[in-house]
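Below are two complexes that have subunit A in common, paired first with subunit B and then with subunit C.
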Partner chain A sequence: MYKWLLALRYLTGRRISYVAVMVIGLCVFVVFVVMTVMDGLVGQFKQRTHDFVGDCVVSTESMVGFPYYDRFVTILHSEPIVEAASAVINTYGLVALASRQDAVGLQIMGIEPTWHFKVTGLGKSLYLHPDDPNKAFLAQHDPNLPGCILGIDLVLNRDWSGSYDYRWLPVKAIYEISCFPLTAKGALARVGAGYVNAKRFAFADVSRTGLAREDGGCVYLPFGQLQVLSGMAGPPGRATAIHIRFRPNVDLMAGTAKVAELWDQFRKACQDLPQSQLLAGVKVKDWKTYRKATIAPMEKEQIAMVVMFVLLATTAIFIVFVVFYMIVANKARDIGILKAVGASFGGVMGLMVGFASLIGLLGASIGLLAGWAFLSRINQIEYLLFERFGFQLWDRTIFSIGQIPNQIHLDLAAAVALSAIIVCLTGCLPPAMKAARMQPSDTLRASPV
Partner chain B sequence: MIKVLLWIRYLRTRPVVLLSITAVALAVALLIVVASLFTGFIDAFERSATELVGDVLLTSPNRFDHADRLAEALLASGLVKATAAGTQLPGLLHLGTGDVRPVQVWAIEPQALEQVTCIKRWLITHDDNPRIPSPGQHVGPIPALIGIGLLTEPDPVTDRYDRQRAIGQIGQRLVLTCPAIPGKDADGTAQRPGRRTLELAIAGIVHSGNWLFDQQSILVPLKAFQTDQNSPPALVDRVQIRLADGIDARDAVTSITTIWDRFAQQILGWGPYQAAQAEVLPAKELQGRFLAEVRKQLGVLMVIFGVVDMAAVVLVFCVFYMIVRLKIKDIAILKACGCPSSQVAFLFLGLGAVTGSIGAAIGVLLGWLFTHNINHIEDRISALLGIRLWDSSAYLFEQIPNQVAWGAVWVIVGIAILAAAAGALAPAVMAARARPVEVLRYE
Partner chain C sequence: MNRTDGPILVAEGIVKSYRLGTTTVKVLKGANLEVAEGEFLAILGASGSGKTTLLHILGGLDRPDKGRVLFRGSDIAGFRSRQLDHYRNRQVGFVFQFYHLLDELDVLENVYLPAMVGKGILGWLACKKAARQRALELIEQVGLGHRLHHKPWQLSGGERQRVAIARALMNRPTLLLADEPTGNLDWATGKGILALFGALHSSGQTIVMVTHDQRVASQATRTVVLADGLVQAGQTNTHWRQ
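Up next is the complex of A and B:
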C-alpha cells in the first residue's frame, strides 16, 4: 500500500514529474491524432476496395480471358459458403465522345448488374439509379442504344469540398467505344478488317466508388456487349474474372481456400474441352491479395510512420529517465529509511514502477483526451482554416478524400496508451534499479559539506 | 575562457548531457531525412518534366499547321536552342498474344525530340551506340520507340526491368489504334475526325526511369499520321522547346508567348482570342498543383515532427535543471568569487547552445549517411524481408531520391541550436539567481 501512496505523493509533490507527464501527453496526442487519421484513410481505402472487388476473385491477367466461366459460376452458386458470384470482363478500350475527336484510353469493365450488385458495392455507387440492376444501363436519353456507366471523375469535377455538381451530368452524351477483339490465342480477331470493334453507347449513369483509379479511368458496359466488342463471345464465351461474395459468417481465408479447391477440381474436369489451356493461368485470390499492388504502399507508409514515432519515443524515454534520476537523487534518504524499516529490493522497484506507470497513465489520459477533443472537431478546424487562410490538409479537387477520417478506434487508443506506459517503464528502469540497490548505511550517513 | 573550460568539463563529466545530444541528433536526423526525401521527390519530378518535355511547353487546344515557321521564329529570337512540334493522343496497343494496353502516343518526329529531350540517353537498342531511327529509313511497318514498361514488368523484389528481355522484342510487330489527327485537304478544308490503325515495329526501347512514361508511352513519327505521302503534314497542338544555355524558363515564357501570338495571328490567321487560348508554361510548372500539394504535405509532416521534437527541448531543460541543482554549490562559489549573474546565465545558455550544436552536427551526419545510402539500405531490407519498400509504380521513380536538401538542413540546424538554448534558459536563470550566502551556508 505504501508504494502507491508514495508514488502518488511523488507525482503531486515533485513538480518535475509534471514535465514528464506533459511530454508523454504531447507525444500521445500527436501519435493518436496522426495514427487515427492515417488509420482512417487506409481503412477507408481498404473498405472501398473491398466493396468494389467483393470477397474473392477468380481471375486471369491475360486479356484473352478463360472459357466455361458460366459453368463455374453455377457451381459456386450451389455452394453454401457463396452468397453470389458474378462474371466480369476487364479490358481496355478507346472511349470517344461521338461528336468530338477527343478520345481517351480507359479500362473497360463488363458486368452483369443483377449478380454484380449482389457481389460488390458498385450498385450503391451509382447516382441516378442506385442499386437498381434493371435500370443500371438504361439510357434515358436514347433507349435504343445500350447504356454505359462512367467513373464520375471522367465527367464531373470535384469542388473544394470534394463534392460534385450533378446538374452537369452529360445525360445526352453518346460515346463510341473501340476495343481490339482477341481470338482465344490472343491474336487480333479482325486482321485485315480494320482490327478494331467499335460501338456506340449512351450515357446511363455515373459511379462514385471513392477509388481514384476506378472513378477516373473506368467505364462499365453490359457484360454481353463487351463480350462481343472484345471478341470473347465465343463459342465458348470467355470472361476475365469471377467476383465472389461469401456468406456473412464465412472466414475469408477459409472461403478462398474452398474456392481454390473447387477451381482445381473444375479445371481438371474441363481439361479435355476446347480452349481448356486458358484455364491454367487462372488464379484464386482473396480481395486483399488481388489488390495488393494498391493497398501495400499505403500500409508500408503507415508502418514507416510508426517507425518514425518509435524513434521519437526515444526522447520521451530519456526525459522519464532524467526525471527519475533526479527524484532518486533527491529522495535518496527517503529510500534509505524505507529500506532501513524493511522495504525489500522488489518493494522499492515496485514503488518506482508504480510511479512510472502513474506518469504514463496520466500522460496517456491527457494526450488521448486532448486527441479526442481535437479529432472530434478536426473537420470544423480545417473548414475554418480554409475559410480564413485557404488552407486544406488535402486539396479535395485533386485527392479523392471526403472528410478527414476522425473515427476513434479504441484498440488504437489502447495501443498508444500502452506504448506510453512502456516508454515510462523503460525510462524509469535504470534509476529504479539504482534506488532499489541503495544501502541505508550509505544514504543515511551524514555527509560533509 | 573559464566558460569554455567549464563547458568541456560538464560535457566530459556529466554523461546525462549525452542524452540531450542524442535527442537533438535524432530529431535533426529525422527532420533532415523527411525534408530530403520530399524535396528530392519534388526535384526529381521537376527534373523529369524537363528531361521529358524540354524547358518550355507550348500547348494549344486548337491544332495548327506551319509548325516549321513557328520554329524558325523561335530560333531566330536567340532564346531557343531547339523545338519539336507534335501531338499526344490516347491509343490502344496490341502487343502480341493476349496483351492489349492503353497507351499515350507521342506523335512527333523522334529526331526533333532528340534535340529537346534526353531521349537519346534513355534509348536501348541492339546497338551499343543507339541512334534515333529516321522516319524515312523504313519499309513496311512504321518504326516506333516504346516505353520499357510496356514490354516487361519490373521484378517484384528488385523493382528492376529485365532489359535483355525487352531488347529481345526489338523488331516485334505491334498494332496501334488511336484517333486520327485531322489534317487539311489540298483545298484547305479541314478533314473530319476519325480513327487510325497503324502497324508498327519496335525500333528501340525507352527507359527513362519515370514509371508513368515507361509504362504508357509509345513514340510514333508524326509523318505516320499523314493520310498519304503526298498530303500536307498532320496538324500539331504542342511545341516542346529547349532554351539556349543560360536562359531562364520563366523569363523566356513572355517572349515565347509574344512570338506565338504574332505567329498565330499573322501566319495562321487566328483572332487574338483563339491565339490566347494557347498556354506557354515552363516544364517544371506543368504539375504545379500536384507539387504544391506535396510541398504542403512536407510542411504538415515537418510541423508534426517539429511538435514531437519539442520533447527534445524539454529534455534539455530537465538535464540542465538537474545539472544546476547538482552544481549549485559550484555556481555559488563562482558568484562568491565575483562572477556576475549574467555570466553565470551565459555559461548555461552557452552550454545549451553547444549541446544543440554537437547534437545537430551528429544529426546532420546521421541524416546525410541515411539519405545518401537510402537505396542501399532499401536493397538490403528488400533482400532480407523479400518485400520492396519503395515501389516505382506507387512513387513514380525507380530510385529513392538520395540528395540531402541542404537548404532545409541549415534551417533545421539553426532551429535545433536555438531550441537547445531555449531549453537551457530556465535553468540558466535559476543558476544566475542563486545566492552564495544561502547555498554555501552550512546546516
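Up next is the complex of A and C:
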C-alpha cells in the first residue's frame, strides 16, 4: 500500500514527474493524432478504391480483351454468392473537344450502367443523375449523340476547400473520342478512318470518385459504344474485365477463390471455341490485389510511419529512463529509509514500477484527451490557419481530400495508451533495479565511515 | 518491566572495512558486544570510530566482513533477504541523527509507515484502523498531537526527532537503535529526547544508542567505548543504580 501512496506523492510533489508526464503526453498526442489522420486517409482511399472496383475482378492486362465474357457473367449471376457482375472495357484513347484540334490521351472505360452501378459505387459519384443508370449517359445538350461521363478534374477545377463550382459544367460540350481498335491477335484493325476509330459524344455527367487517377484521367462511355470503337464488338464480342460484387457476409477471400474455380471450369469448357487462347491471360483477383499498385505505396508509407513512431517510443523510453535515474539519485535516502523500516527488494521495485505506471497512465490520458480535442477541431484549425496565413496541410487544389479524417478509433487509442505505459515501464526498469539493490547503510550515513 | 538476564543481541568479532578510493579503511577490527534485554546501552566513540557502522550491522542495514550478530541466538548474517527485511521491520526500530523522515508524507503517515511496509494492500486495509490508532497514541506520547498533518519540513529539529522515535516504535520493536539521536539538536532539545528515551527504557524498551557525547552517554544504564575498532570495557552509569 505504501508503494501506491508514495508513488502518488512522488507524482504530485515533484516537478521532474511533471516533465516525464508531459513528455509521455506529448508523444501520445503526436502518435494518436498522426495515426488517426493517416489511418483515416488510408482507410478513405481504400474505401474509395473498393467502391470503384467492387469486390472481385476477372481481368486481363491485354488491351485485346477476352471473349465470352457475357456467358461468364450469366454463370456468375446464377451463383448464390454473387450480388451482381458487370463487364467492363478498359482501354486508352484520345479525347478532344470537337471544336478544337488538340487532343489528350486518357483512360477510356466502357460500362453498362444498369449492372455496373450495382457492382460499384460509380453511380453515386455522378453529379447530375447520381445512381440513375437510365440517365447516366443522357446527353445534356444534343440528344442525338451518345453521352459520355468525364472524371470531374478533367472539366472543373478544385478550389482551396476541395470543392467544385458546378455552375461551370460544360453541359454543351461535344467531345471527339478516338480509339485504336485491335484485332483478336493484337494487331491494329483497319476499321473506319485508317488506324483509329473516332466518334463524337455529348457531355452527360461528371464523376467524382475521390481517386485522383480516375477523376483526372478517365472518361466513361457506354459499353456497346466503346466495344465498337476499340474493335471488340466481335463476333465474339470482347471485354477486358468483369467486376463482381459479392452478397453481404460473403468472405472476400472465399468468394474470390470460388470465382477463380468457376473461371477455371469456364475456361476449360471454352477451350475449343474460337479465340479461346485469349482466356489464358485472364486472372481472378480480389479488389485489394487488383489495385495493389495504388494501395501498396500508401500502406508502405503507413509502415514507415509506424517505424518512425517506434523511434519516437525509443526516445521516450530514454527520457523516462533519465527522469527515473534522476529520481532514484534524488530519492536514494528515501529508499534507504524504506529499507530501514523493512521494505523489500520487491517493495522498492513495486514503488518505482507503480510510479512509472502512474506517469504512463497520466501522460497517456493527457495525450489522448489533448489529441481528441485537437482532432475534433482539426478541420476548423486548418481553416483558420488557411484564412489567416494561407497554410493548408494538404493543398486541396492538388490533393483529392475533402475534410481531414478525424474519426477516433477506440482500439487505436487503447493501443497508444498501452504502448505509453509499456514505454514508461521499460524506461523505469533499470533505475528501479538499481534502487531496489541499494544498500540502505550507503544512503543513510552522513559519511562513508 | 519485562527484563531477562540473558543477552538479546550478541556481536562477536565484527570486522568491517571500507574502500575509500585506493585505500582501505578498517573501521571495526573484531568488535564484541552484548546487549541484555531491557538494557539502555550507550556506545561512546569519537567521530569516525565506527559507531554508526556497528549500529547498522546490529540493525541489519549492513553486513560485516567477518564476525556474526546473534539476535536471540540466530545469526542475522545468515538471514535471507526476506528474513532480514522482516527483522528490520518487526524487531528493530531505527532513530537516525538526521531524522530521515519522508518529506512526501505527513507526521501521521511517517509514523505508521513501518506498519504499512510490513503488509500488503489487503493486510493493510485490515489493520489500518488499529495502526492509525497506535500511531496517534505514539504521536501523543512524543507530544506532537497538534502536528499530525504537518510535513517534516514544517517541524523543528526536535519535533522531527520525536516523529522519528514514534516511527521507530510503531511496530513495537524488540530493539531501538539510535544513531546520535541528539547530535543535530541543541542541548535543551536533546535533553527532551533523552528524557523520552529514559521513559521508554523505564517501560522495558531495549535501547542501543551511539554517541560521541559523554553527557548523552551518561543517560544510558551502561556505556561502552568504541576505540581502535574494538569495544572497550563498559561501565554502569551511577544514576541508574540510584
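Rule of thumb we're sticking to: the second predicted complex is superposed on the first by the 405 of 449 C-alpha atoms of A that agree within 3 Å, B and C clash if a C-alpha of one lies under 4 Å from a C-alpha of the other, contacts with A are read in each partner's own complex, and residues count from 1 in each chain.
By our rule, contacts are C-beta pairs under 8 Å (C-beta built on N, C-alpha and C of every residue); 3 or more make two chains touch, one makes a residue touch a chain.
Values in this document were obtained by computation on a predicted structure and should not be read as measured data.
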item	value
First, second, both or neither for A:Leu393, with subunit B first and subunit C second	first
First (subunit B), second (subunit C), both or neither touched by A:Ile327	neither
Subunit B versus subunit C as contact partner of A:Gly105, first or second or both or neither	first
Partner chain in contact with A:Ile81 - subunit B first, subunit C second, else both or neither	neither
Touched subunit A residues, subunit B compared with subunit C	B
Partner chain in contact with A:Ile295 - subunit B first, subunit C second, else both or neither	neither
Subunit B versus subunit C as contact partner of A:Leu262, first or second or both or neither	neither
Footprint overlap on subunit A, where subunit B in one structure and subunit C in the other make contact	449
Partner subunit B, residues of subunit A touching it in the complex	16, 19, 22-23, 26-27, 30-31, 34, 62-64, 91-94, 96, 100-107, 178-180, 182, 185-188, 194-196, 198, 293, 296-297, 300, 304, 308-309, 311-312, 314-316, 318-319, 321-323, 325-326, 329, 393-395, 398-399, 449
Residues of subunit A touching subunit C in the complex	1-2, 4-6, 9-10, 13, 333-334, 336-345, 347, 439-441, 444-449
Contact set on subunit C toward subunit A in their complex	18, 20, 25, 27, 48, 50, 52-53, 56, 59, 61-62, 81-82, 85-86, 88-90, 94, 96-98, 100-105, 109, 113-114, 116-121, 124-125, 167
In the complex with subunit A, residue positions of subunit B that touch it	16, 19-20, 22-23, 26-27, 30, 34, 89-92, 94, 96-104, 175, 177-180, 182, 193, 195, 197, 289-290, 292-293, 296, 300, 304-305, 307-312, 314-315, 317-319, 321-322, 325-326, 387, 389, 391, 393-395, 442
